[in-house]
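There are two complexes below, and they share chain A, which is joined by chain B in the first and by chain C in the second.
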Partner chain A sequence: MNWIQHNWALLLPLVLGACGVWLMMPGARSIRPLGGLACLGALVLGFQLVAGSRDVSGSMFLVFASATLISAVLMITSRNPVYAALWFAVVTLGVCGLFLLQSAPFLAAATIIVYAGAIIVTFLFVIMLAQQAGTSSYDTSSRQPFCASVTAFTLLGLLLITFQSAAAQQTVDGARATEVAAANKALDVQMKVETLDIHKSSRPLPSEELGQMRGLGRSLFTDYLFAVEIGGTLLLIASIGAIALAPRRAQGTL
Partner chain B sequence: MSSMFSTLTTFAADAPAPAESGGVVSLVLAQLPTVITIGAALGAVLGAVSYLIYVERKLAAFMQDRVGPNRVGPWGLLQPIADGAKFILKEDVIPEYVDKVLFVLAPCIAAMTTMLAFAVVPFGPVDGAPSFMRFIIAPNVDIGMVFIFAIGSLAVYGIILGGWASNNKYSALGSLRASAQVISYEIPLGMSVLGIALLGGTLNIEQILLNQAKGGITQWYVWTQPLACLIFFTAALAESNRLPFDLVECEQELVGGFHTEYSSMKFALFFLAEYTHVITISFLTAILFFGGWHFPGIAEPGSTGLLATGLKFGVLLSKVFAVILVIMLIRWTIPRFRFDQLMGLAWKVLIPLSTANVVAVMTVLQFGWSKWWLTAVSLLLFVVAGAIGVKQAHDALNRSGRRPHAKPETSGGHVAHAH
Partner chain C sequence: MNGSIQPTLLVSAALFALGAIGFLTRRNLISVILSAEMMLHGVALAMVTFGKMHGNNEGQIFTIFILTVAACEAGLALALILSLYHRTKSLDMDLWSALREDDMPSPVGHDSSAGATQPDTHPVQPTLTPAGLPIDPKTPLTPQRPNREETATHV
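Take a look at the complex of A and B:
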């Protein structure tokens, strides 16, 4: 009980959000306006928790984050799969806005090209080709709306509480941390030097701004070369597999 | 509680928080040049689009030995205004049984994405111009080229949604056709400028322009990357659905494409998007391959001041206008491609050629050879591709000559139709 009292500011928006999403899920019991109101309330309460900075990037964060969250809820509660796919595209755009705020413009652009520009377009194609006869019954009522909302919001709550306690630990232990660091310095020195060596190429040069393409390219092709090569090989194998799976024209399709 | 979430908002500490009341005013004032630039660019583009249609009609008339529009105003000069008024005053028909939201949204997306791509295109000399003239909406975007491709990849939504929301089989088929085309040609379009990005070491469009201007006319990328220029131009034509790649519309042969059901201002928005796209790709062609505002003896990079700025602006606009004229001339010169030829051109010709071009650039840079080898490689690739194409066409012709009732060719030869 004490714990609930202590954490009510975090729990209230979570409970409200879960109720709202449950009410908005398509189905017979669905009361969409009420659910929408509950979700909006959860959003407003949730943003009360985030430190309210009133400068440009703070308000941009609020705009992008709320756009992302609102379209995410609309995506999973939409009755029409085409609209769901479109809300998914808006979610991607909102997340790309958040990437931009974190000085990662290339990640944002690449995400737009890959997700919004290619993957969701493919979804749309499939939905349009598969849905000649209009919406079907499994679009108009969801399977396990209650369990789904409760599970999802429990997970979200656990994540938030973990973050929160980690942040709290940092502030409380702020003074102690420096002491510990000083004590462990001799031990740490070698490790630190090694990590510095490993990730030296990934740091921006003094002349560079953060988030420039040049630095990203250098990082990918020095420190993370192995991961890049593995990823490239996987994609190559996948495309060869796709070509092998596709039947030839002589066999009657395409 | 709020401080505990400080990890979520650390980025906000980057920018100093302005004072409460004066901050907002100064913030708005700081954005004023951007707003004015957006307004000026938008107005210029809209005006240019209506008169480009006039130029295109006059040019088409000239090439077909007709007179062209000549009734409204002297030499028909008021025709675009009359057309615009007609678009606005026409009844706005929304057919029954369409998805109304998406039906209205589709032309908006089409117009919005093409306008958004214009944000990183410099339409004049950015450096050395007087401070009240800013010739780019979003200056210093490090990922300029990638931004254009990212926004361009969103343009396909306008096509798909327009076709699907119309609730019309012909529109849906048209939108499938169009989006297959747009998605396919995005790849060679992006690959072709990779070589330039490698040569200049940047994706910033202003920087690419400056690189060429500083090096003089011999450093224009069209000399070292002629094949990339050709691929870029071809792919850009296909992206903007112009003839000879206008299978999206194809008014003489098929029921119109995804915009069959659209009328009045909503159709005008699709039309506007197409022409804005033409303007954008003309700017990009002029800037990426033909030195932008640079011209030896007239507009050199060192010069500043009002007159020099005006000259540079004029040079860039003349180059852009020349590219647009070429696009319009091509419309009545090359016949329309068949759909399998269109796809074959993208996947079997342009993508392998642009890949080979990128590999050539990488090799030259790696071994530090002279850049002029790239010209030779480009010409060689062009000749080889042409030879392969001619041989394929020849084989197909021979085959159909020997067996007159043979099945129609299935290999999808791209260069010439066998019959």
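Take a look at the complex of A and C:
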């Protein structure tokens, strides 16, 4: 009970969010406006948890994060798979904005090209090929929405508690490190050199910024060259497999 | 617990949880795959954030590989969905619940007995021994499923 009183700021948005998603899920017991209000409340309360900065990047983070989360909820609760795919495109755009804020411009561009340009278009093709008669019966009901919401939000709570305790540990470690740093500076420098040597080319040079394409390419083609080869092979095999799995024209089109 | 969470990690964890809800509850095959892609988005966001916290490019490299695997997964999943649709003329996932093992309860709820076509029931299907049961060496490995019709009636 003491723990609940201590952590109510974490628990309240989780409970609200679980109830909201449960109410918004398609099914017999769905009350969509009420669920949407609960989800919005959970979002606002959840943003109180994090340390938001009041500058431009902080407000851009708020815009991108709320766009991402709102359209994620709308995606998993929408009754029409075409709308679900379009909301997923909005989720992708929001995630790309967050990538930009985390200094990953190349990844933002690549994700937009791969997801919004290729994957969602292919999904839309398949939906329109397979489901021409609008919403069907299996889209208007969901399987065990209450249990799934409770499970997923319990997982979310555990993740957040882990992140919180890790952040607390980090501040404690940071304070202790400044005390100890003077004592064993030589040892520390030696250890740092050793850890740097493992993946040396993944660390940006002093003249580079984090996430610059030059540094990314150097890391990709030195430290991770073998993985790049395997990734290329995987793409080749997946395309062969997709062609082999898809129904033949001789078997009749859809 | 005074440490405050990195804001982007909160978003990534929430994306993962929401994608898990969609993956577990939706009955349309395409919605399920889209939810799985959203869980991958959450993981990618966490990777990029961790990479920035450590000040090196490895998180972004991992995300590039996640992107590769996601592209492969989408292609294969759509090919699979098309061939499943070819059999049942429906995107309902519950039509395939007869693929479970014989001793498992039916995952289909009461309200979901919608009037859709049944999948092709092949008369002779290869069967596996249910997990945990000892094999009797005298019985031949012939396709025998005595309660097959009873367990799959309300699909």
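Just a few scattered comments:
The rule is simple: the second predicted complex is superposed on the first by the 216 of 254 C-alpha atoms of A that agree within 3 Å, B and C clash if a C-alpha of one lies under 4 Å from a C-alpha of the other, contacts with A are read in each partner's own complex, and residues count from 1 in each chain.
Convention: a residue touches a chain if its C-beta (ideal position, glycine included) is under 8 Å from a C-beta of that chain, and two chains touch if they have at least 3 such contacts.
Quick caveat, the model's predicted, so the values are computed rather than measured.
Of the two partner chains placed around the shared chain by superposition, chain C is the only one that A:155 touches, whereas chain B remains out of contact. Among chain B and chain C, the chain that touches a larger number of residues in chain A is C.
When the shared chain is aligned, chain B comes close enough to touch A:116, but chain C does not.
Once the two complexes are laid over each other on the shared chain, residue contacts for A:55 go to chain B alone; chain C is not touched.
In the superposition on chain A, A:168 makes contact with both chain B and chain C.
Within the superposed three-chain model, A:30 lies out of touch with both chain B and chain C [touch as defined at top].
In the superposition on chain A, contact of A:75 is made with chain C only, not with chain B. In the overlay built on the shared chain, the residue A:130 is in contact with chain C alone; chain B does not reach it. Residues common to the contacts of chain A with chain B and with chain C across the two structures: 49-52, 61, 101-102, 106, 110, 118, 163-164, 166-168, 171, 211. Residue ranges of chain B in contact with chain A, taken from their complex: 1-9, 11-12, 14-18, 20, 23, 27, 99, 102, 141-143, 146-147, 149-151, 153-154, 156-157, 160-161, 164, 172, 176, 179, 183, 186, 201-203, 410. The part of chain C that touches chain A in the complex is made up of residues 1-11, 13-22, 24-28, 30-31, 33-35, 37-38, 41, 44-45, 48-49, 51-52, 55-58, 60-61, 63-65, 67-76, 78-83, 85-86, 90-94, 107-109, 111-112, 114-116.
Of all residues in chain A, those touching chain B in their complex are 9-10, 48-58, 61, 82, 86, 89, 101-102, 105-106, 108-110, 112-113, 116-118, 121, 124-125, 128, 163-164, 166-168, 171, 209, 211-214, 249-250. By the touch criterion given at the top, residues 6-7, 21, 25, 27-28, 46-47, 49-52, 61, 65, 68-69, 72-73, 75-76, 81, 84-85, 88, 91-92, 95, 98-99, 101-104, 106-107, 110-111, 114-115, 118-119, 122-123, 126-127, 129-131, 136-139, 141-145, 148-149, 151-153, 155-156, 159-161, 163-171, 199, 202-204, 210-211, 215-216, 219-220, 223-224, 227, 231, 234-235, 238-239, 241-243, 245-247, 251, 254 of chain A touch chain C in their complex.
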